[in-house]
């Protein structure tokens, strides 16, 4: 495993697996497993934006939730940097979990359901703050106003109900709420997928500004490759619960290695007339179900460059070319 | 270039929705044409009235929606008929639906009846319009399934929608709309619910239908990239109006309405520099109820002038294929004219 | 069948009697049982209740009492002889008696019936009381002998030897229905009442069962085997109704009896029926729970003045007049005031709430205690009665809690015993049952009264005595004791009514206690 | 413990305002509410409305048809039927409301727990409720009444035991849905305690169906009480309730000849239940966020 | 599908088992004495032999042994005897069930036809006059206590108008169903009212629900006539939930007929239950409870199978 020592690691995920049981049969026994996240190893570096991209159902949300300790991992380690001390967050005690939660926050995809419809905005903010040690009500209110300002919302909105806001405003409120307890790392699970393009642009710009301002680290998940590429420093491409490629964002569209990345790139429509059509790499078939994944490389059944070995041996994730460019594909397997 | 025949002409379509006692204009004076064998893309943000437009064409508006005025002239094999004048669920209108105009909806799961076999759902359309034996209808469905790339169609027509993947379901929807071989196909965001790779498959299929089988297509989307790839003509909608209309080149290479311009610039494209800011549109879409007069976009427009809010905005022909509904253009045209 | 055709012909009128198959001649008598559950699928056994008209006509006893239940006429028996000491009876059966199935009815059947009833469970105590005085009965019941020693049959003659005299031995035999041994001898006596026999019972009476349609009806026709005067009525149809008035109006019934106040009220509107009231010994009284299940004295009720207060505080007269008009008579002791043996000095407890309050005060009654008033009759009149009683007691300043028993009344009354006062009924053949409840050997009541046998001698004497004058004396004594102790609060006797459609039916005009066997001269009955 | 010390301004929210407006525009619901309140008040203030004691007998004045003196007539013990109906309402309404309250509390607690945690707890509670549902309710009630004994409060206990399942299932299903709402994940990612998530964050959002179910339950329990009492198995016969008063109408005699004995209490029950049902129906529309 | 049915039916067995245990032990907890029937308090009875009978019947055995004997007997079809009337319970059931089933079925037919039809009309034209009418009928139907409704229609149709008989049921064997019909009309109509109201609401709601689904738009976009949309798409798809409510209500018809049977003096199982309960006839209570519980289980099994049959998403799982 080669990672750059230059940058400081904030969250490092090692061989993480999150599996869901599939129940069925007479006695609702487990008859299978959804390997939603399977053997994922990523390092999140302080201050960067790590993009995660992949098609629906490939395990992006599960990965995010596992990192946020909302799902219990089946296996693996997640080392978080608590002021220089690396602790495995899967084994934390209750107090440390709390500490962890004040350092890591999450923004979810659906702006419409991420605010409690029966609570005023201030109430939605108040309890997290109180739980995280802001004992003084006035201080809390101040903090709320500050974080709303950060997302360009006025304090007039404090006493309104969520249904009085548009999708973009709600997503900004959600971001503000994640920010209000001063986290270091924000995991964003498709924060803009549900928004219109013009609103999406507002939110993306805002997120970038805030990151700069507060020196935040982002894990940014999306299924839209261009958005991820635009937002991220490095991009992780996932397929069926596995990482197939990790690349510098700026390098990804120039030099995609994995055939899946290539296909994904070619499928992204470009708003320029008469281009792109010819280049498209047609992918046949659908993403297989994560319950019965093809043997060997998970992409083997749809891969246009499939070789015999692909259906038998699972390719490991290895660096290829540059140090920060990793790929899991037999085309690039180095003889060991 | 051969002469373009329009298969559908929408003229001054105005639609309103009532909510209890109040009634709100949702579509205002919408006019556009769809040309034979061409694909028209309607783009715009959520809620701008794209779906209402096509539902009005099909007379499938919900109960509280009403076409106030306007015409929908459909070229039925040389005969021009006004769909609006037909009774909503009358024989004439029903003969249009499915047979002359096919429709594909956004969510392929919700749009298929979960309790009917997919083959039956396709056959239902065919047998409604053609008195042919069941067996023959079935064979036709199988044939179409093959054409649309559904593997193993003999078996799969007996399956139920939930046994299909999203992409396959959308193919079935397309089969339903295509089985009677209509000349006009309306697709309301057919790929929004699908992954990019599947979207690419479906769009290739639709393009093929249009090009090889000479169908006219109305494609609703809010993905500018998609428009660029497949459409021939583009109508940009904002708040129930078409603010810009033209060929795909006109719109993408020479966007003339400020709204269109920002729409194009607000989407990140591959390779966009990380440090480059995205163009945004100020504020949010206003409530259609609050509209009084003038340009709906004025409140968010960086170039808004006083007159934008005080006078009716005309459609201005930039070229004979490119129309814009914006006073800026009027002025610059005047300047040019001078 | 021809009957069916005839019903179909006049199906124009949907009257209920279209069910009833028409008789060939002599007419059909329509009887009903009043039961909201409808007709069952069998004829009820007779050892617990001697039963209704149809049962009486199907099954006979050795003797047939007069309407007063005491004077005996021969029935299955031709004659009898009793020894002077009252310990031996010799009974001679008629010759050539037959069961309805043609089998001979012999003295063996009688002996077997008496033996079996001693071991059976669903049995009226008048039989067990009388027959357990037969020599060797204790051993027999305990299973220590395989023969009831005191009773033997030789040819037509039955000899019964008693350990001690039983005053009403012969009247009891006049009630005791003889069952056919040849059909029932293999049944376990404990469960003989559940035998399949009752679905198609073979009797020995004037009529035999013709057909029983479960859930529907039963028909009876004159039995060829009956040796007496042949009856005129050729067919009896028995159906079930939930309430008799509508049935009376539609002609579904020609003759019935009831003691339900509501029916009596509503029958007033039915013109063609004539009501015949009869006095019977169906007591209603309050049982006072004197001891709890652990044997501790119930302080609330211990003082006799409290119990007297209750008697004064409840306006029994108005209640019976209003709730049971013409049906109930106020009772002061176990012998109703209209009877000869009645104790004339017994207090009448006229309604006097002031006196009641005084008595309570004297008795230092704790008005904070709640009196638990219980009952088990579910009919509306009883509910009204109890509600009224509760109100009377409330007016005395008592706290009352009135509830209907939830579990079965027997268990509630005698085992659970979570009450202070309970309304109870008793259908008596004679005064013996009423006073028998005071006996210290009465396994149910002993727990309630906690008696030390003060009534025992008197009751024993009463049971042994036949002579009317002697009996009167004993009864006077018992009533005096009863009044002194006031363990049961007597309320009233519920009488009964016979209703006869006299436009259609001519009876012999003899109406007696419907719960018991007596000679109603049915052979004289006619359909007009 | 102060919850949100930042005082939430009592500014009338648009949501509440909308609901009030909707309520007022829903005539049937408004009438229902007024009738419910009206009848409840009549019962509560019965002594001010009639001078008769419902238990006071007058054996010389029994089964009188309605007259100026006894506007609903008198019953078989000469008691005033109007007074009985008034006082009877107290117990009937009390039983209905308290049983519904108890059933709702149990149903909500169990439903919230089952719905939020899912898994084993959920299956156990679900099975449990299934078993309760499988029992014929009437028999269950009867057996329980015979175990506990008759009495108003025992009847309420019995109703609660036999009547929590519908609310349970409703709340459970609501919670299963609400659990998927993102804001629950948000709460969890902030480390807000589970009990607080369930009761402070999720429960308020399931309140509308619970309120509707509550009104439906009140109606149901009043009917159940009436039915049982009509059969003579509910509240002790001496306690006047609408059902108990009607108990007298079991005989054809009363049905035929003494119509005032059953008509008045029958109408009282029907009217009250009807009013509650209209109110419940109205609330269903009013509280429905989709509308 | 077959596997699904087998699986579902297997689940009902342990449920029945649990219910039988609860029923048995709950009743044992109550002070009811199963043989006290031999000693009505109205008649003087000597109780000496009762002890022998108790021993004979095994009532002195430990409860679990009694339970074992009872459940084995029930499995063999021997339901025991009523302790009040001494009749075999199997016979009581055989006698009473037909009357109740006759009543319930007629009520079912009436309520289904009227309820579903009114619900459909309501849903097709929501907020119209007929919808308004139907909805209020439905509220009325669930608000009026059935005994009150029964008394009123007895008063009107039997007593005042004299069109129909008040009560009772003419024997099964003698006359045809048509002869019994006059007696059936009032009780079955009363019984039908509540069910009708529920079905009406349900049909309306589920139709409205389905009609708002996207696939209805798809169906309309095919140009098929509106009635086909209503019948083949909307009604076909709401049929599932309608049948579910129907099947769930089925046992309640039997249970719910208790009061109706009482009011109309209908000699059915409901009346038997009431008299069993009010006289603490516990063998009858146990068996009828078990019977109703089984009916409910069978109904929910039917619901599962029906929904599976109607909904391929379940069937093909």
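So that you can tell them apart, the chains are marked A, B, C, D and E in the order they are listed, and the count of residues begins at 1 in each.
One rule holds for everything that comes next: contacts are C-beta pairs under 8 Å (C-beta built on N, C-alpha and C of every residue); 3 or more make two chains touch, one makes a residue touch a chain.
To keep track of the chains, here are their UniProt names: A = ATP-binding cassette domain-containing protein; B = ABC transporter ATP-binding protein; D, E = ABC transporter permease.
The structure displayed is predicted, hence computed values, not measured ones.
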Quick one: which chain's Cα centre is the longest way from chain A's?
-> C
Looking at A-B and A-D, which one has the bigger number of contacting C-beta pairs?
-> A-B
Among all other chains, pick the one whose mean CA position is farthest from the mean CA position of chain D.
-> B
Just how far, in Å, is the C-alpha centre of chain D from the one of chain C?
-> 46
Per the centroid of Cα atoms for each chain, what is the distance between chain A and chain C, given in Å?
-> 88
Chain B and chain C have mean C-alpha positions lying a whole-number Å distance apart equal to 91
Pull out every residue in chain D that's touching 2 or more other chains.
-> 146, 232, 250, 252, 256
For chain E, what residues touch not just one other chain but two or more?
-> 30, 32, 166-167, 262, 278, 280
Residue ranges of chain D touching chain C (in the complex, touch as defined) = 55-57, 59-60, 62, 76-78, 145-146, 149-151, 232, 236-238, 247-248, 250-254, 256-257
How about chain B: which of its residues touch chain E in the complex?
-> 58, 60, 89, 93-99, 102-103, 105, 107, 110-117, 121, 124-125, 128-129, 160, 162-163, 173, 176-177
Residues of chain C that touch chain D when the two form their complex | 243, 245-246, 262-263, 265-266, 315, 318-319, 321-323, 378, 380-381, 383-384, 386-388, 390-391, 394, 400-404, 406-407
Which bits of chain D are touching chain E when the two form their complex?
-> 28, 130-131, 133-139, 142-143, 146-147, 219, 223, 226-227, 230-233, 243, 246, 249-250, 252, 255-256, 259, 262, 266, 269-270, 273-274, 276-278, 281
Chain D - residues contacting chain A, complex | 4-6, 8-9, 11, 13-15, 123, 181-183, 185-193, 196, 200-201, 204-205, 207, 289
